[in-house]
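Following: one structure in structure tokens, then a few remarks.
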Amino acid sequence: MVRELSHFVDGELRAGTSGEFSDVFNPSTGEIAARVPLASHSEVAAAISTAEEAQHEWGALNPQRRARVLMRFLRLIERDIDELAEMLSREHGKTLADSKGDVQRGVEVIEFALGAPHLLKGEYSTNAGSDGIDVYSMRQPLGVVAGITPFNFPAMIPLWKMGPALAAGNAFILKPSERDPSVPLHLAQLLTEAGLPDGVLQVLNGDKRAVDAILTDKRVQAVGFVGSTPIARYIYETAAANGKRAQCFGGAKNHMIVMPDADLDQAADALVGAGYGSAGERCMAISVAVPVGKATADALAAKLTERVKQLRVGDTHDERADYGPLITRDAVDRVTHYIEAGVEEGASLLVDGRGLTVEGFEEGFYLGPSLFDYVTTDMSVYRDEVFGPVLFIARAATYEEALRLPSEHDYGNGVSIFTRDGDTARDFAARVNVGMVGVNVPIPVPIAYHTFGGWKESGFGDLNQHGPDSFRFYTKTKTVTSRWPSGIKEGASFVIPTMQ
Amino acid sequence: MVRELSHFVDGELRAGTSGEFSDVFNPSTGEIAARVPLASHSEVAAAISTAEEAQHEWGALNPQRRARVLMRFLRLIERDIDELAEMLSREHGKTLADSKGDVQRGVEVIEFALGAPHLLKGEYSTNAGSDGIDVYSMRQPLGVVAGITPFNFPAMIPLWKMGPALAAGNAFILKPSERDPSVPLHLAQLLTEAGLPDGVLQVLNGDKRAVDAILTDKRVQAVGFVGSTPIARYIYETAAANGKRAQCFGGAKNHMIVMPDADLDQAADALVGAGYGSAGERCMAISVAVPVGKATADALAAKLTERVKQLRVGDTHDERADYGPLITRDAVDRVTHYIEAGVEEGASLLVDGRGLTVEGFEEGFYLGPSLFDYVTTDMSVYRDEVFGPVLFIARAATYEEALRLPSEHDYGNGVSIFTRDGDTARDFAARVNVGMVGVNVPIPVPIAYHTFGGWKESGFGDLNQHGPDSFRFYTKTKTVTSRWPSGIKEGASFVIPTMQ
Amino acid sequence: MVRELSHFVDGELRAGTSGEFSDVFNPSTGEIAARVPLASHSEVAAAISTAEEAQHEWGALNPQRRARVLMRFLRLIERDIDELAEMLSREHGKTLADSKGDVQRGVEVIEFALGAPHLLKGEYSTNAGSDGIDVYSMRQPLGVVAGITPFNFPAMIPLWKMGPALAAGNAFILKPSERDPSVPLHLAQLLTEAGLPDGVLQVLNGDKRAVDAILTDKRVQAVGFVGSTPIARYIYETAAANGKRAQCFGGAKNHMIVMPDADLDQAADALVGAGYGSAGERCMAISVAVPVGKATADALAAKLTERVKQLRVGDTHDERADYGPLITRDAVDRVTHYIEAGVEEGASLLVDGRGLTVEGFEEGFYLGPSLFDYVTTDMSVYRDEVFGPVLFIARAATYEEALRLPSEHDYGNGVSIFTRDGDTARDFAARVNVGMVGVNVPIPVPIAYHTFGGWKESGFGDLNQHGPDSFRFYTKTKTVTSRWPSGIKEGASFVIPTMQ
Amino acid sequence: MVRELSHFVDGELRAGTSGEFSDVFNPSTGEIAARVPLASHSEVAAAISTAEEAQHEWGALNPQRRARVLMRFLRLIERDIDELAEMLSREHGKTLADSKGDVQRGVEVIEFALGAPHLLKGEYSTNAGSDGIDVYSMRQPLGVVAGITPFNFPAMIPLWKMGPALAAGNAFILKPSERDPSVPLHLAQLLTEAGLPDGVLQVLNGDKRAVDAILTDKRVQAVGFVGSTPIARYIYETAAANGKRAQCFGGAKNHMIVMPDADLDQAADALVGAGYGSAGERCMAISVAVPVGKATADALAAKLTERVKQLRVGDTHDERADYGPLITRDAVDRVTHYIEAGVEEGASLLVDGRGLTVEGFEEGFYLGPSLFDYVTTDMSVYRDEVFGPVLFIARAATYEEALRLPSEHDYGNGVSIFTRDGDTARDFAARVNVGMVGVNVPIPVPIAYHTFGGWKESGFGDLNQHGPDSFRFYTKTKTVTSRWPSGIKEGASFVIPTMQ
């Protein structure tokens, strides 16, 4: 008998009623860990109704009181951190340390959202226009908003979405990945324990039907999404066609430029961590290493080969493991096909991770680390997001060529450069056509109080995630222009008529 | 021989090559004043190419230098203000005073855009994340952006769009209304005279084909629109489907609540100005008066009737005219049909403006002022935007009923309340579900350094026009995370390898 | 044997070494509750040395880590709230409910200070000046800063000062009032428990010698003060003469205008609460009621008289008490002399609070509530801050006269107006020459994320307390202008010389 | 007969009435160019009275209208730029190109001040505290404020002070240097021509008596100063003792660190420009070169010696001159004494500029360029500000020693580092204890929209010059807390009583 998960609606776990389910695996063992109900259109609609109702009081609360609920929520996450990490690792497969990091990066956005009272301030101008006219603005909550989040960060991305949305006074509909729904469900329970009124956060599990139910419901004012680019495009377009605001973050192909003056050991260490960590299933993973000049490339390839061969793949409880299984068997197959394609397209396979078996976990979704050299821009393995434990070396003869690679790639999420030279770093940061830049930092995820957002095919919409932008996305501006006719202060005696 | 207008491309007026034209009328006389070329897909594509090229240098300029071009532009507008007003009135039909106001409200946004160097600042955090890590952000121009603007403010809306877009370092493609294109063309010439590099502003006249050419061109990063709601929806959806950012402002049905304690003469004056000014062809025109209580309603209806009967309609050179012709014969017919519908639906027509002829201008597109009482929410004249010189009285028994009317209307652009009572004004401003609110101000257009944006069917997107939001819309955030390996400061002697 | 208090230095309570002490009374009983050591010049100097040392690491910490210490501090205050309130009431005399409010208003500023990572951001401009030049700013901590705080809010004001100062990365020297030092000492212990490194917060008890030791020490970069105006002036001047920055908040004489259209019961309730709460020992207490017009004044005087006569004075544990004892016997005498002066100067004493004895607490420092009518601007009781349970009615014939009273008074801390009329409220708020304005709010203390500061003789310096200003006060701006010579990116091979 | 200058009061040039005068020299020729009246206490008091009167209307104007006056002012400066430069050079002695730069850097702050409408916005919070409470803030002008400005930038510093002060709605009292008062007087006339109401800007020439008259006048709310540190201290202390806000900027000893990896030719060029430009009479001049390592020092000393020997000193009309005369004969003597002291103290005089005569201008106040090597921290020439054409080389063995030099110097105005290394630049910018930092930029004056302010003995007060800080300095915050009793919206019929 497989365990059956539920939705979280109106302050409580609630069984699905559609009769449809999806299997949730334990990627470390390959076993089915649970099954999750898929919400029907009417379940989504009902949850939105409750949310709409609940939002009125929540949105009218002064923002410091809302922030205090989040402050209590932080304490409860701290209390349950081990349980959350275990739950996350079991369904996702990442190492326990990585799972704690997943929760922690989400926590930081909740910490940022504690500043809601300040971040929600409008502007006030007196004597604007002409004498006696005041103009001021308020940022009001949108009402019911939604987040559709991916499997690879089942704690972080839901927290990034719900933190600012709730702090700003909205009700929030979360449709987490059906691959690893337990952590979002637990977070919802913690929020209720922290004092969030029932109905303000609704977690609905589901597939495309649930997504479409959200996208076409007129009462949902905004949708935030993180996932692959085709789905990001679909959601951006469909949300817009339904008059909503949307911010949709998609795939990536993050490059790391290694200049001849870089410390190559440092660069190689960074590449291995950023390329294979979490089995490469991160939108900010480094996928392409770009050494500049032949000498740099040869040395870097050698150092990488040595390091990659020593990587240890293990189940989530293996404390010495560098990374764990992929999310599904399909994912293993997809990445394997890309490795084959890389070989066929003529890239040089320095390390081959195919066919790995982890002892005692023979049915787990494991894949060893692969490393390619001499990858070129015409290859599918260069153009596509592989999303697995594969690192590609694309050699550049000069800095300008290296700069062009990420700038001209369809994706524009993150990019990094390793150099000691101030000029090179500055020129690169200013000119590269990518949204998030690292200088001697392999994974340039901005801290919570700055904002996260890729460019080109990696991001759609005009406001980023977390940081001040997130409060702009989840609120609407109301502007008031005010003037008063002369009244009681002149000493006039007037009688106010009654209304019929 | 009718005068033939042109496009403005690469710093000069350029004749159309598609062979297709649209007539530009003089609404005061009904005559064809000129004909305007309609750009083909390839003309649009070529203009975008030139713009893309020109943007690189413009975008790299320090923002104070860009602001100085706008400062010279302001001087030239001041120099040509009479010519611009004449040109505007001739093609649009509004009075000369109104045309000057049209230019002036645009000028104010250019004045605001002079603050670009300050408004484009990013944020800087030191020792973020962990020791020695800095995180900072830049706001970079998007590249080529576009504006599609309506006939009713041929100076103001183009200036609202191009001011922040250019100040932020973008190249700008303007597709103005084909009804009154001369003013935008003249403004483009003034910008060139002011020192704007060729190609940075391109004005392309056209119809839906030009619009679609803009919307589907991958190089156009963002589209700003003002016009009717169906077109706003179309552009928002199509821009999104093409991965662009968009802000689209649509129609309106602006209410003005008149409380029993209001000064009724003041309220009646305000209603007449805001209802009939510019023949009601303003998205911020007041279209529905909502007196609260029977006594208020009866008194207000009487005061309005008296005033509306005295309104003078005349050609644009008639200095005593309160308003001039509508934009086209079609517009006159459309509004006339609404008046007929209002009568049929059971509203009470207190003043009937149909059938007006202005002596000496018998072929002009005139329509006298109409006033309806007892309009109810089920009538088409209440639900639809009429966009003509017609004011509707919708009576409310109580304040709560009056608050519900604009809150529940599909449109949510502007709304106003007239009262002396602080409590009522505050409650109304806080609760009404409309984006721009006036308190004893009939037309609550926020000043240029605050932002303009309606809610619900009146606005699509998450960032408003002018004010700080406009700089957010026309720029993208790049976030840099930076750390340095220990270098020369430790006294190390190291040799930087050469590149092969 | 009287209990002996201590200082708090380098993470622990530390006995005084000067051999000098001051008595701490329990105002409810009149007994000596403890004695507090008075720090010598050398004790202050030593504490500053430790603080200077401790600040380096604290200031270099990333601000989110500092905020987390404050977050834990909030939990500990919540845990100890009853103990803190009891401690506060015992030494100050205010009611327990009032003591909890004292702590709570301080807590809110700590909550605000959690936003430090965002509030400490500098600005970043790229391509400023000319091509390739970047300009950016950081807000760095000042180093060692100090706060000198008054007896009347022994929790709130220290928290207002230390919260932003510590969050910004400074070490903080607190010299609390020697009348009620136990609460600040306990708060310091809680901060240590919350993880604040030793030495970052030092609490030194003392009198003028300790103050002067702080003011003349070159290592103290900034001083924040709240207290009486003569001392505020002295500290502002002395700090400036020693090159420090200073923000000094002094006395008050807060007026409340009552317009004829106000709800007089509401106004009278508000006046009684704001006038007699905490025995009038609040810088934001209302001291002068200004009814406009004779009818208003007569009615208000009657309503006040009735209410004031019913006020109950009791010891801090009397749950039905409206207020408790004054801080010292001297304070009772000083206020009593003002009541005598009021009578002599010709004001009309409607209620006489002199000579009150509380049964069972005959030695306590009690004073009954007094109410004067017909107070005029030439009287000392109008000009001076009385700081006791006395309310003065100063009648105004017109609104303009009422507006002039607070505007022309030497003090300019807070002021309030009660009216229903939007025009009057707006005109008053815009024109009154006072720093904090209430509209139908008797005690206009701004919330923590806005800022607190009086004008004229009530405040010296250019930055306010709490809100964003507090982070500006406790940090200094460093601005960097950066450009890079062409380097490794051009492919140059160069050898970096070694240093001799 | 020497030309007699005047004051500028109430919109016109006005002769002095004190009967006391000071000579204004032409430093190029040594001749007396004019004499300037020294204002008496009563002249100052009268000017303040007029200013106080004029401020009311100016302060109540909407800020965009004030900005338009400044926009016209910019046009007039552009028109008169040659005349202003000639006037400035004649009285100051700097080259014409340098004089134009002096005006231009002032113009940039006026350009920044055009953003006043945005920069003066307050903050607005709705539902703060508890339901129905709004809190908002306004930034109101201070009233009458003053600026006391130095001889070395007679256009720039007055413009830095008056631009934000006037844009914020204050009246401004300018006490320019009595050495070169003609440019400030001309600027005042241009402002009047631009539409500034009479009395809003008053220019009073004078000496310490005028300064004291300003400092002790209760009606002056704030004083901005730039000059030497002893005077800055005096003004800061005296202003504070009189309850005013003050920002006082003093002397400097700016170091430039030259790292071994720097381009030494570039560094040497930068040092010569920054060290001798304007005869070294700039608070941002580089005075101390700090080469790191013996090899760097030897090479740099050689390059500097060669360049310094080729510097050309000439009168202001000599287009080939690198710099002109000093401001007075006293200044020449003072700098000469420092050169003698340097020799006596044991520094090595590589180039001796004493005794220079410029042909045809034998009475001019000229001094040739001097260069010292082996300067150490115990020498007076290292500790004191010399303010003349002398550059000192202080050798450092390591980076850490080089970092300590400016960090431990009493002055903390500007500092610069030349390096190619990102790590070194970042570490230096983060750690150096100086307010304005240049990275490969010799004179790190921040652009107008950032802020200017030195640390330690170079700056007193908590808000900087220009940039957003300047608007904070010249305004005071008023915070309003507002709530409304239920009124007309409930349908209540109430009669408002009349006032007696």
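Per-chain residue numbering starts at 1, and chain names A, B, C and D are given in the order in which the chains are listed.
The definition used in the following text is that a contact is a pair of C-beta atoms (placed from the backbone, for glycine too) under 8 Å apart; a residue touches a chain by one contact, two chains touch by 3 or more.
Labels paired with UniProt names: A, B, C, D = methylmalonate-semialdehyde dehydrogenase (CoA acylating).
What you see is a predicted model; the values in this text were computed from it and never measured.
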Centroid-based (C-alpha) most distant chain relative to subunit C: B
B-D against C-D, pair bridged by the larger set of C-beta contacts: C-D
CA centroid of subunit C to CA centroid of subunit D, Å: 35
Whole-Å gap between the CA centroids of subunit A and subunit D: 48
Interchain centroid distance [CA atoms averaged], subunit B/subunit D, Å: 43
Multi-chain contact sites of subunit A, meaning residues that touch two or more partners: 64, 117, 121, 123, 125-129, 133, 136-138, 260-261, 398, 419-423, 425, 430, 439-440, 447, 449, 482, 484-485, 487-488, 491, 496-499
Contact graph of the chains (line, ring, star, complete, other): complete
Interface residues, subunit B side, partner subunit A - complex: 123, 125, 128-129, 133, 135-138, 222, 233, 236-237, 239-241, 243, 245-246, 260-263, 266, 292-296, 397-399, 420, 425, 429-430, 434-441, 444-447, 449-453, 455, 457, 460-464, 469, 472-473, 476-485, 487-488, 496-500
Complex contact set, residues of subunit A against subunit C: 64, 67-68, 71, 74-75, 108, 111-112, 114-115, 117-119, 121, 126-127, 132, 134, 259-261, 398-399, 419-424, 426-428, 430, 447-449, 468, 482, 484-491
Residue numbers on subunit D that touch subunit A, as the complex places them: 60-64, 117, 120-131, 133, 136-138, 140, 419-423, 425, 439-440, 488, 491, 493-499
